[in-house]
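Shared between the two complexes below is subunit A, which pairs with subunit B and subunit C, respectively.
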Partner chain A sequence: MSRKLKYSIFRYNPVDPDSKPGMQEFFLQETENLNLFVALNILREVQDPSIQFDFCCRAGICGACGMVINGRPGLACRTKTADLPDQVSLLPLPGFRLVGDLSVDTGSWFRAMNEKIRSWVHTDKEFDPQEQEVCMDNRVAEKIYELDRCIECGCCIAACATAQMRVDFLGAVAMNRIARFMIDPRDKRGHKDYFEVVGTDQGIFGCMGLLGCQDVCPKNIPLQDQLAYVRRKMGWQALRRLMPGQA
Partner chain B sequence: MTTSRPACLDWLQMLTGICLVVFMYLHALFLASIILGPGAFNSLADFFEKYYLAQKGGPAIALVFLVHFFLAARKIPLSSREQKKFLSAAKMFRHRDTWLWMVQVVSAVVVLLLGAIHMWVVLTDLPITAEKSAARIQTGYWLVFYMLLLPMVELHVGIGWYRLGIKWGFIKSAARHRAKRAEYYLTTFFILLGLIILVRFLLLSS
Partner chain C sequence: MRVIYTDLLCIGAGLAGERVAIEAAQAGFETVCLSLVPSRRSHSSAAQGGMQAALGNCIKGHGDCPDVHFQDTVKGSDWGCDQEVARMFVDNAPVAIRQMDYWGVPWNRVVAGRSCYYKGGERLEKEEPLEKTGLITARDFGGTARWRACFCSDGTGHAMLYPLDNVAVKYGVQVHDRTEALSLIHNGEQCLGAVVRCLKTGRLLAYLARATLIASGGFGRIYRASTNAVINEGGGQIIALDTGVVPLGNMEAVQFHPTGIVPTDILVTEGCRGDGGTLLDVKQERFMPGYEPEKAELASRDVVSRCMHEHMARGLGVKSPYGDHLWLDIRHLGREHISVKLREVDEICKNFLGIDPAEQLIPVRPTQHYSMGGVRTDKNGAAYGLKGLFSAGEAACWDMHGFNRLGGNSLSETVVAGMIVGRKIVEFLQGHEISLNTGLVRNELKKQQERINRLMSRDSGERVYDLRNRMQDILMDYVGIFRNEKDLNTAVDELREVLHRTGNLKLSSSGTGADPELALALRLPGMVRLALCVAYGALERRESRGSHARQDYPARNDRDWLVRTLACWPESRDLPRLEYEPATRIVEIPPGDRGYGGGGVIS
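Moving on, here comes the complex of A and B:
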């Protein structure tokens, strides 16, 4: 027998002056292999066309469908209803600007964060299209790729009580980005330069090791180990700076 | 330019934390000598005083304790807006490690108060003897006092080293669940040991 699932969905439209924040209930019969992406689309098609939520790739690639599912930040498209109880509560990710209902603006947050930590390969090398490409050691390439799989879904920020408490905290996603450039041989920046952007209380030293980030990341990025790596490197960098004759 | 201050304070927080963890576990093991009898306890206490470990080490630990408190307090949300944010985040997200942090904050406040009282009372009444300690605990008031302090200290210290390991990477993600289990066992062990010590003091006839 298939179950009838109850969905409690957060409703609020900030641009409508009459709209009040609250939860609205919907019922939907569960079908085989149903995931939240499909369920929400059915609800919107047949029950209430005004529900706002974001989707794009429906395959855990674009990071648009992050939301709080029964208290846990996660991707709707990667959540099977079979893994959920009969009642499903859906909230927008906290810590981002609310667009409406389940839709939040992660884009501006991520853009600001990436600008703050200067999230690009810094190099003086002139690009020469004729030249043969420089080969990267395969092990290094794979290590970078592992960290580069972040889809900027924002779940780690929503799950981080530190980030929720301190709005200027850059979060695990930023430390993971920096770790990725630290191991990239093409980036000419040294630990001295990285220290400038993350050797702060808004950066790595603000992290209290609560590991909400690690436990929700839908791409299973090893955030815990990256955070510790950045903390050790930045910790040593601070000591190095205290030595006489060092900048 | 970014200052080195946050980094250095984080180092200090870690180092004072490690000192206190090691101290607390040793402290419990030394106290456990009472299980062997007041003779063993007193000769251990004599030894510490002969080498001025109690007279000098005591205030040193008190200083480390104070420094650690001031460093860690930077992380405690002081404004009610931040407290509310943390609470609502923790409530929404039923997540063990996030709750453990709240346990750490609450136990820290208790340990700060009771720990300071305890150190004051013991260190201003040197030498330490089994008889004096037993007399204190047998008043009943101190028994209640220690029954509260004991679990709070052990929780704080246990969660403390686990968190330090996570933050600095002594505990890698592959070892996290084993480390957490070890933390629970160790904390339980030391609480039980503490209770046995208290009962032993309680039953010590003067």
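Moving on, here comes the complex of A and C:
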């Protein structure tokens, strides 16, 4: 006999003046291999077509469906109901502007973050279409890819105590991105340049080391290591700035 | 009337859209990209295995060059492609990939020395020479003569999209995400922009632009089972078709990928087979060598999908509650290879199937994957029918894929076409001004607002989701891998009926704000029209070519059908008007044998 699951879903439509924030309950019979992507779409198709939520690739690749599932930020598409109790509470990710119900505006947040940390390869070299690519050790390429696997789902921000207290905190996602550029030989920025973008309380020095980010990262990116790496480099840079004649 | 003006409006912010946008922004033009989702969530991010570019760096790619890539692409297309475009594509792919490298993509590199690899089930050895160390390497893919698919593990699309979006940020390309273009603003000759619905608030806006690009990806979601992201519902093709003057090319050319997983239809990359994975049947025996002795699992996708379908029809599939399937076996590649080179596949298997691919078999079957058809353009990316309208990427029918796209050629197309079409748009913008007729803009806004008002006020009518599901089921049942006149007639008749019923949609929700049901209700009639272009085009094409396999016309007919279908939709009709043009004007390689797939040819 399959279970009947109770879903408590956060409902609020900010553009509807009659809408009041609150939890709404739905019931759905559990079927084999059910995940939250399928369950939420059934609820929308059959019970309430107005529920707002975000899915895109539904394969754990694009990062669209981050939400708080029974108190823990995660990707809904790859959350199997078999791993959940009879009652499932679903809330939008905190730290992002609400679009409606479970849908939040991660696009604006990440764009602003990428602008702030100048998230692109900085180089004086012009691209020459006639030239062969610059050689790179494959181990370096694989190391960069490891950090590039971040899908900007927002779970690390939702799980971060600093980000919840401080709206301008850049979060583990930004520190991981900076670490990625630090190990990329194509990026010609030095520690001084990185210090300018993350050597602050909005950046690496705002991190309290609680590491909720590492616990919830759906891509299992070693965020703890990246935070430590960036903190160490930026810490030295901070000390260097105190020395006479150094910048 | 709320109006946003820009030089270039890109509808879509995946790899193709942003690559074009960057070209325009670098030339100093103001550029706005519209996107249903934040740009980094575009379906480009889901491309896994690789990007084809003839670099010839790795030992198994030795001797590769654009000419060999060209031959593979033309054969892969079953001579359906425009050979002039295919030539431009292969010549520019090495430049495009090196530019992506310059922008920060962490391509896998050649490692000198001996290493083992698998072909079919067999373990072989290769030795990479010292002088190529550190250059971009490649893996094997289907339908190619050399190893040419350059890759970042099996997250290549993601690993390209992030650096490209970084460059877009650097050059100030604006991305207005969570917006949906509902219609193009045009006067029958010139495109002037689009009417756009904000998916955060539900508000309508007019975007006016000197040039407009459609780069919104494919339309796989008109099928019930598709590897595509849920946003791939053909929005760009719909607004082009709705103009009545812009034709869609080869809409019947729909690709089914051999390895969608069962259930959930999520893709596992062709790289699995490229790296030596095999397909097994219910007896856990390889069957592809029996159908394709030479290429086996690495024949082109259309061929492998057909063989799998036939093999299951012979009762050799594996029964499951979700229908028959076959097995993909990558166990012999070893845990280390899987966790480094097939990382997404590893995650997908564990998270969605609950299996460990290093120890267990992966259930797969052919699944709708790619739309070769789309907005028909010339070689510069300019759409037929409207000046100032362009298209690139999967949304377009440029047309380098013809009737079957090779694996790794779509990722490559996004950035190569983006580069070439981007340059052409820059030239166009340098010499092109528009005069604005505010009445025209106001009318188009009003027309779309009235559609919304009608949907929100109707008291009784058809349920939106029911009709969408009906359309999807019709395509699944009658317009699949194998096609015939009877099924296609049924599909056309039933889709016409569904189209009529979409004129009477009723919302169950209020429709206020970013209401998702309203968004689908606005899109659905257009989706059914796309479905009709596919089904009707397939019915009329009385031959088999690439992915279009007619049981009643099994031969490729170069005598009568070496042509591209052009589908236009004149207002108030319930079927597209089909016209045909030669598949290619320039012929470098005359039609011949593909070297796989068998089948007769009428010449």
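Here is the rule we use: the second predicted complex is superposed on the first by the 247 of 247 C-alpha atoms of A that agree within 3 Å, B and C clash if a C-alpha of one lies under 4 Å from a C-alpha of the other, contacts with A are read in each partner's own complex, and residues count from 1 in each chain.
Here is the rule we go by: contacts are C-beta pairs under 8 Å (C-beta built on N, C-alpha and C of every residue); 3 or more make two chains touch, one makes a residue touch a chain.
Please read these numbers as outputs of a predicted model, since none were measured by experiment.
Colleague: For the combined arrangement obtained by superposing on subunit A, do subunit B and subunit C clash, or do they fit?
Modeller: fit
Colleague: So which one touches more of the residues on subunit A, subunit B or subunit C?
Modeller: Residues of subunit A touched, subunit B against subunit C: more for C.
Colleague: After superposition on the shared chain, which partner residues are touched by A:Ile144: those of subunit B (first), subunit C (second), both, or neither?
Modeller: It touches subunit C, and subunit B stays clear.
Colleague: Taking C-alpha centres, what angle do subunit B and subunit C open up at subunit A, rounded to the nearest 10 degrees?
Modeller: Once the two structures are overlaid, it is 160 degrees.
Colleague: Per the contact definition in the header, classify A:Thr200: touching subunit B only (first), subunit C only (second), both, or neither.
Modeller: First partner only.
Colleague: Once the shared chain is lined up, is A:Gly60 touching subunit B (first), subunit C (second), both, or neither of them?
Modeller: Second partner only, subunit C.
Colleague: Return first, second, both or neither, reflecting whether A:Glu115 touches subunit B, subunit C, both chains, or no partner chain.
Modeller: second
Colleague: Let me test your reading of the model: by the given contact rule, A:Met23 touches which partner, first (subunit B), second (subunit C), both or neither?
Modeller: In the superposition, A:Met23 touches no partner, neither subunit B nor subunit C.
Colleague: Is A:Thr106 touching the first partner subunit B, the second partner subunit C, both, or neither of them?
Modeller: Once the two structures are laid over each other on A, A:Thr106 reaches subunit C alone.
Colleague: Output check: A:Met208 vs subunit B and subunit C. Expected answer is one of first, second, both, neither. What do you get?
Modeller: Only subunit B is touched by A:Met208; subunit C is not.
Colleague: Please give the nearest C-alpha separation between subunit B and subunit C in the three-chain superposition, to the whole Å.
Modeller: Between subunit B and subunit C, the minimum C-alpha distance equals 18 Å.
Colleague: Considering each complex separately, which residues of subunit A are in contact with subunit B in the first and with subunit C in the second?
Modeller: none
Colleague: Using the touch rule from the top, collect the residues of subunit B that touch subunit A in their complex.
Modeller: By the definition above, subunit B touches subunit A via 1-2, 4, 6-11, 75, 77, 82, 85-86, 88-90, 92-95, 97-98, 101, 163, 166-169, 172-173, 176.
Colleague: Can you tell me which positions in subunit A touch subunit C when the two form their complex?
Modeller: Within the complex, subunit A contacts subunit C at residues 13-16, 32-33, 35, 44-45, 48-52, 54-64, 78, 80, 99-100, 103, 105-108, 110-111, 114-115, 118-121, 123, 125, 127, 129, 131-138, 140-142, 144-145, 148-149, 151-152, 184, 186-187.
Colleague: Considering only the defined contacts, which subunit C positions touch subunit A in the complex?
Modeller: Against subunit A, subunit C makes touches at 37-43, 45-46, 95, 97-99, 101-104, 106-111, 133-137, 152-153, 155, 158-159, 162-163, 165-167, 169-170, 175, 177-178, 200-202, 229-231, 263-264, 266-267, 321, 340, 343-344, 347-348, 351-352, 354, 464-465, 507-510, 512-517.
Colleague: Quick one: in the complex, what on subunit A touches subunit B?
Modeller: 68, 71-73, 91, 94, 159-161, 164-166, 195-197, 199-201, 205-212, 214-215, 222, 224-225, 227-229, 231-232, 234-235, 237-239, 241-242
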